[in-house]
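Before any comments, here is the structure.
The letters A, B, C, D and E name the chains in turn, as written, and every chain counts its residues from 1.
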Amino acid sequence: ACGSPGGSSSGASGSTKLTMFHWAGAQATVPEKVGDAFAEANNVDVAYIEGTNADTFPKLVSSVQINKNSPLLNLGFFNGQSFAQGNASDLWEPVPASVTNIDAVNSKYQIADRRGAFMVMDAMGLIYSKKAFKTPPTSWMDLFDSAYRGKVTTWDAPAFSVNALPVIAKLNGGSESDLRPGIDIFSKAAKAGQFHGFIASIDALRQQLNSGEVVIAPGFQGVAQPWIDAGDDIGFVAPKEGLMAFPEGFQLVAGSSEAQLEESAKLLNELFAPENVAEYCNLNGLIPLVEGAELKAELADKETFQLAAVESAIQIDWATLVENIEDATTAWNKDVKANI
Amino acid sequence: MTGPTEPGNTVKRRRNPAALLVLPGVVYLVIAFVAVVALLISYSVRVERTSVLFAPVDLTTWSTALGDSYLWSTVGTTLRLGLIVSLITVVIAYPLAWCVQTMKRGWAAAAMLFVVFSPILVSVVVRSYGWQLLLRTGGPFGDTFDSWLYHEPGVILALVHVELPFAVFPILSSIRTIPAEYTEAAADLGASAAQRFRKVLLPLTAPGLLSALQLVFTLTISAFATPALLGGGRVTVLAQTIYQNIQLLAWPLAAVQAVILLVLTLIVLSLFAAVTRLIGGGVR
Amino acid sequence: MRRSPALEALRFVFLLLVTIFVLAPLVVVLLASITPDEVLTSLVPKGFTTQWISQALDYEPFRVGIVYSAQVAALATVIALLLGTPAAYALARTRVPGAGLLRSVFVAPLSLPRVVAGFCFFALYVSLLPSAYGTVGGVAFAHVLLLLPFVVALVGAGLAGSDPALEEAARDLGASPLQAFFKVTLPQIRMPLLIAGVFSFLTSFDEVDLSIFLMPADTTTLPVAIFLRLQQDQDPTTSAVSSLMIVASLVIALLTGLAVRRAGLWRTGRTEGTGE
Amino acid sequence: MSDFGASSVEISDVTRTFGSQRVLGSISLSIRASSFHCLLGPSGCGKTTLLRIMAGLDTPDTGVVTIGGTDHSRTAAHRRPTNLVFQSGALFPHLTVADNVAFGLKTDRRTPQGEARSRVAEILDLVAMGEYADRRPATLSGGQRQRVAIARALVRRPDVLLLDEPLSALDLALQLRMRRELRRWQQETGTTFVCVTHNQSEAMELADEIAVMNAGVVEQSGSARDLYEQPASRFVASFIGENNIFEKLTPMDEGHTADGLVFPAGRADSLAVRPEAIRLVPADHPASRGPGRVLTTSFTGKSVRVSLRTSTGREVLAELAPGATTAQAGDTVGIDFDDAAVRRFGAAA
Amino acid sequence: MSDFGASSVEISDVTRTFGSQRVLGSISLSIRASSFHCLLGPSGCGKTTLLRIMAGLDTPDTGVVTIGGTDHSRTAAHRRPTNLVFQSGALFPHLTVADNVAFGLKTDRRTPQGEARSRVAEILDLVAMGEYADRRPATLSGGQRQRVAIARALVRRPDVLLLDEPLSALDLALQLRMRRELRRWQQETGTTFVCVTHNQSEAMELADEIAVMNAGVVEQSGSARDLYEQPASRFVASFIGENNIFEKLTPMDEGHTADGLVFPAGRADSLAVRPEAIRLVPADHPASRGPGRVLTTSFTGKSVRVSLRTSTGREVLAELAPGATTAQAGDTVGIDFDDAAVRRFGAAA
């Protein structure tokens, strides 16, 4: 029942084997469906790695470093941060021109050197408890409002892509390369007892919001939407400064064999077909970045699912952030975490 | 003319072929553990985040890590947590093992054993979820144990909960091998229940106690999920920082920290062994 | 010896407290898996549903994971017992050079954070033995590192108290060292062995951090599947799996209990009115 | 010595059952304060069980144990003024010889440390184990262990000292020396000693009074001489010293031949004649009560033991002074004894 | 019975040291095939160690153990044609009495199951433990355990049976019976028996030959009578039977007074007189070799033991026929013995 890590020695014996990495749970449905159909049609073996971005990316990196020509996977779904990290270590293969469907990606999210392609976007805003807020919070800085002392939470380092540090830094005169202003604000808040604690799982966030231990936190629309759908007294709002864009998409992995790259590119093209993108977004509460992918009605109506929201979103320079992430972690640990 | 003349039981003397039985286990440790540790050490002395087996030696990671006060505070938390949890666990487990051993009805003892066992039937994530529900503000124990959750006491509570079986069972195994006549003789010589415990039972169960301490301690200081889920960011142990660094691809640093953790563990384990030898008066 | 009523009462209270402490979080999990709410907000169930349980049973990765986990756990347990029991025996009964250090070294792997061990095994497999990566054997081999400490510690604790003279008697009666071990030593350490086996099995079955690095493409162990699901979906299905495991273990425990009773495992070989 | 006590022990109607086996069937026994009392009986008759009940290590099903006038039936072992020397030794494996002996002095803190140390040293010298003080029990020989066990109980100076076959693993010389020491100790301190032994010469030499137990009951209690010379039952007759027992005799009104030997007149179900009361005479000697064929002869130092077979096939043992006979295996001789040497027992006995 | 074997045992220059303690110092001993050999010696002299070396459970530092002509020095215990009855019993706690006994029959599969069962039953009856077949050792009395230990070794029918104080926990009646059984068994099967005992009467009754050990060496080896009548050393004299030993005498050229008694002339460092060789005469009797004050008298059934103190304070023990004296404690009497009863030992002995 178990394959070996995606081999480079394809072609020699029968059909090509390729390994695709996708995220788990509902995010697995569409990639596997498309992958199975593709395998069937093209006489290709497709194996899947289901996992999280955080765990799989390091595995991929180390596999390549052990053997440049034998990457753990050939085609993978990653977030913007990993896109940038991979670029830094030449992990990605440019997407060939034959993958025409990526031309329909929103121009703001087109990648110049075609190393990968963003497919969908999750939007980070504020998740809040409707019981505690008569009117929804309006600003990112509400996280630091002393009215909510002890009832705020966010993610611990090094998950800076999701814990709002880069956003707060940028809003306060800092940048991806200078997170200090953000760290200072978090540090002050920590000392004042602003935080109920830091969360380590999405589940904990939901629990705490529902129980009233926490009333506000930075969070993803794609995370909040299923909770809202399930009837929790939870709201998601785009702060007046704008949502934070969190694009996700696919990469072809360098070191894969010619045949694997060729087949992966074909599969990639399938995945970017508008109907597949739409289904992916509908299932996971995400904003499609591909033109022609139509959201289902319930979502399409929501303000935060509009492309306008995307276009006005706070864009993070992932490459710069990634360069600073290690130092930022050190600073975060020392100044924020040590004080909470 | 004269052979080796160690004291001790004959079975323990001279080139006993049974000593070779330790070999398969040692071979495995060499293949698995030593390889892992060697890999760690090799990672720890490089700067490149490459995972080729050999790279030029560079000690900068070591020197920065050793001078990092935050790392040492994490080490402190880790060791403190390890010691507190092992002590509390053993203090609960020891009388518990005795109660189980002396239960008159076999089924009651079996049921109690199952109860003790049950935490490890539930995955750590789900277990932590249970604690969150119980301890959160507004939960059934939220008021009594105000602010335990997302603080050290909550983490300790949850760790003791899951390490309990790892302490009860070694103690129980060693209790079961003590003949009744030793406690009887002690009682006959005027020892009260407390004295019998302190002077006879405790030393005779020292091997089990040692196993319990060692198991619980090592499990606790390498525990990652429980402090992460219940510590609320306030309780940072070395395992978490290591995990962070792996995710950051800061492998040399992660390796340095893992080696530090391992060395500290070996030191504490031998301390435990020494202390237990004191209690046990060097039995066996 | 007689026990005083005060002591009896104390003992009862103690056992009760321990039971509550141990079971409370598990009962909550059980509740969560049969309450309709997706998020348990109160401990008084608002109804009853088998929805989560049937969802858990239907969820493909759980089904595959259980089988895979069981295979890995069984294999790892067998290897750990086969390696650990002789080692514990040698450490307890013979003068192995450096026995004190060895004892610590057998336990030490537990202190390696499992993510580290997992990452290292991953690197080892991929670089040295690609064919082991992701196979039941490969995962089990790595798990043995975590199980060996239980076996060595538990069996060692059991052996420490048993009388070496009995093995001498057996050998004198014509039993080869192997026969002596199986017919005399083993029966005396049945209990520690059984416990070590169960511990090993469950630990391996529950292992996430290490396995996650060794799991390849389309298969994962059950706990890894639970873990991954929790990353994305937060409904009580995962609690339901845990509840199912508790119930299944209870059944297995009952069955072993009966078997054990028939095999006389509970007999301690001590006179009645033992201990305190 | 002021801190030595002595208490009488009174056992009334004590019974003890293990499972379905009645091990003690209503035992009553009075042991005078400051006396040396021996319990004698065959293996498995309940001696150890009775001692354990006195020590409080076992609980009788019914009955009362009074020590020094106080009902101690419900007193825990460690509060009783008794100490037991275990049949198996039960030395603590984790303590040295000296620490084993000192154990009982440390449990109550009445004995100052310095005194405890000197008492331990003294008692270890008494049992000739002084030079083993720092050894662990596992490295001792069987007899050495037994001596430590005795020392450990003696050093506590209990009111009642209970000894379970305390000298069984010792060589004769040491046994004799230890007997003398025990006896001297008992007389000097006035402590009550209750000693289980299967060695009759030990019991006879040591005891003021001996209780003979059989199958969970006390058959007879009295001085050594009483038991030897006036056994109350067939069992006591056969158990105390050796005896040639002739059983299932028909009532005898006049000189009667049983098992090929002529006995004096009198009613009895069984008769006993001590081996040392038997004389060997030439087969045709007028005093001969019947012929016997010599099966074996063996020299035991002080005597020659001759085993004979009567004309009806019954085995008879004779114990003669060395030189009193020249009979060899295979010879036929006459068996003779005095009328007065014959003891009779009824059916009930 | 074809499956009984017998082998001689030859021990040459065996030494064994524990730590710094020389427990066996160059032992050499020949044990004839089919003989009953007893090892006698004080507690801690190395008897158990020697037996364990013969059984292969302990390895000597130097020396050779030959069994039945084959050098077995390096043979593992389970391959030796020997079986050992452990001093401690070493019964398997998890097996019933019957299974304990059957254990050794199952290790080699030469004995068919049915035969094994009947042999176990037979041997359990022999040691009077038939009705305890299904019990576990923990529920047995001390003597019952010892009997099971004997049965377990006997049933194997080894060439050489090693017994370590096999009867020490048994009452006299049972001891005598078991002695007879052991002796009978040994003679019928021709098996070589090596038996450690501290009971001299046992050794004398059972053994063809006795080796007297002391402090790790064999002092004398011979028949019971030889040892009793011609002890080769002061130690043997005092150890085999009781003896009154008079030490550190100056060389005596003519009738000499030592310890207040007159001895015949002759060179010696010590003298020995058996208690039974001593006669009590009136204090003023011409035969008296010196006066003695009676300390205690005790009746042991077959004799009266009188302990006396000479004028120089030396204690002397006399063992007299019942009725041979009327002396009471406190009386002063004359001590008498024949010249021939005096044995002399040089400094070396």
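In this text, a contact is a pair of C-beta atoms (placed from the backbone, for glycine too) under 8 Å apart; a residue touches a chain by one contact, two chains touch by 3 or more.
Everything quoted here is computed from the prediction, not taken from an experiment.
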item	value
Chain-contact steps, minimal, separating chain B from chain A	1
Result of counting contacting C-beta pairs for C-E and B-C, higher pair	B-C
Interchain centroid distance [CA atoms averaged], chain B/chain E, Å	54
Chain centre separation (chain A, chain C; CA means) in Å	37
Distance from chain E to chain A - Cα centre to Cα centre, in angstrom	89
Residues of chain E whose C-beta touches two or more other chains	18, 57, 88, 139
Junction residues of chain C, two or more chains touched	1, 119, 123, 127, 168, 177, 188, 230, 270-271, 273
Shared-contact residues (touching 2 or more other chains) in chain A	55, 58, 62, 66, 201, 203, 207, 211
Residues on chain E engaged by chain D in the complex (per definition of touch)	18, 40-44, 47-48, 87-88, 139-144, 147, 164-165, 168-176, 198-201, 204-205, 224-225, 228, 238-242, 276, 298-303, 305, 319
Residue ranges of chain C in contact with chain E within the complex	163, 165-166, 168-177, 179-180, 183-184, 187-188, 267, 269-271
Residue numbers on chain E that touch chain C, as the complex places them	55-57, 76-78, 82-84, 86, 88, 90-94, 103-104, 107-108, 136-139, 152-153, 156
Complex contact set, residues of chain C against chain B	1, 7, 11, 14-15, 18-19, 21-29, 32, 40, 43, 82-84, 86-87, 89-96, 100-117, 119-121, 123-124, 127, 141-142, 144-145, 148-150, 152-154, 156-158, 160-162, 164, 167-168, 177, 188-189, 191-192, 195, 198-199, 202-203, 206, 208-209, 223, 226-227, 230, 238-239, 241-242, 245-246, 249-250, 253, 257, 261, 266, 268, 270-271, 273-276
Residues on chain B engaged by chain A in the complex (per definition of touch)	49-52, 70, 73, 125, 129, 132-133, 136-139, 150, 228-229, 231-234, 236, 241, 244, 246-251
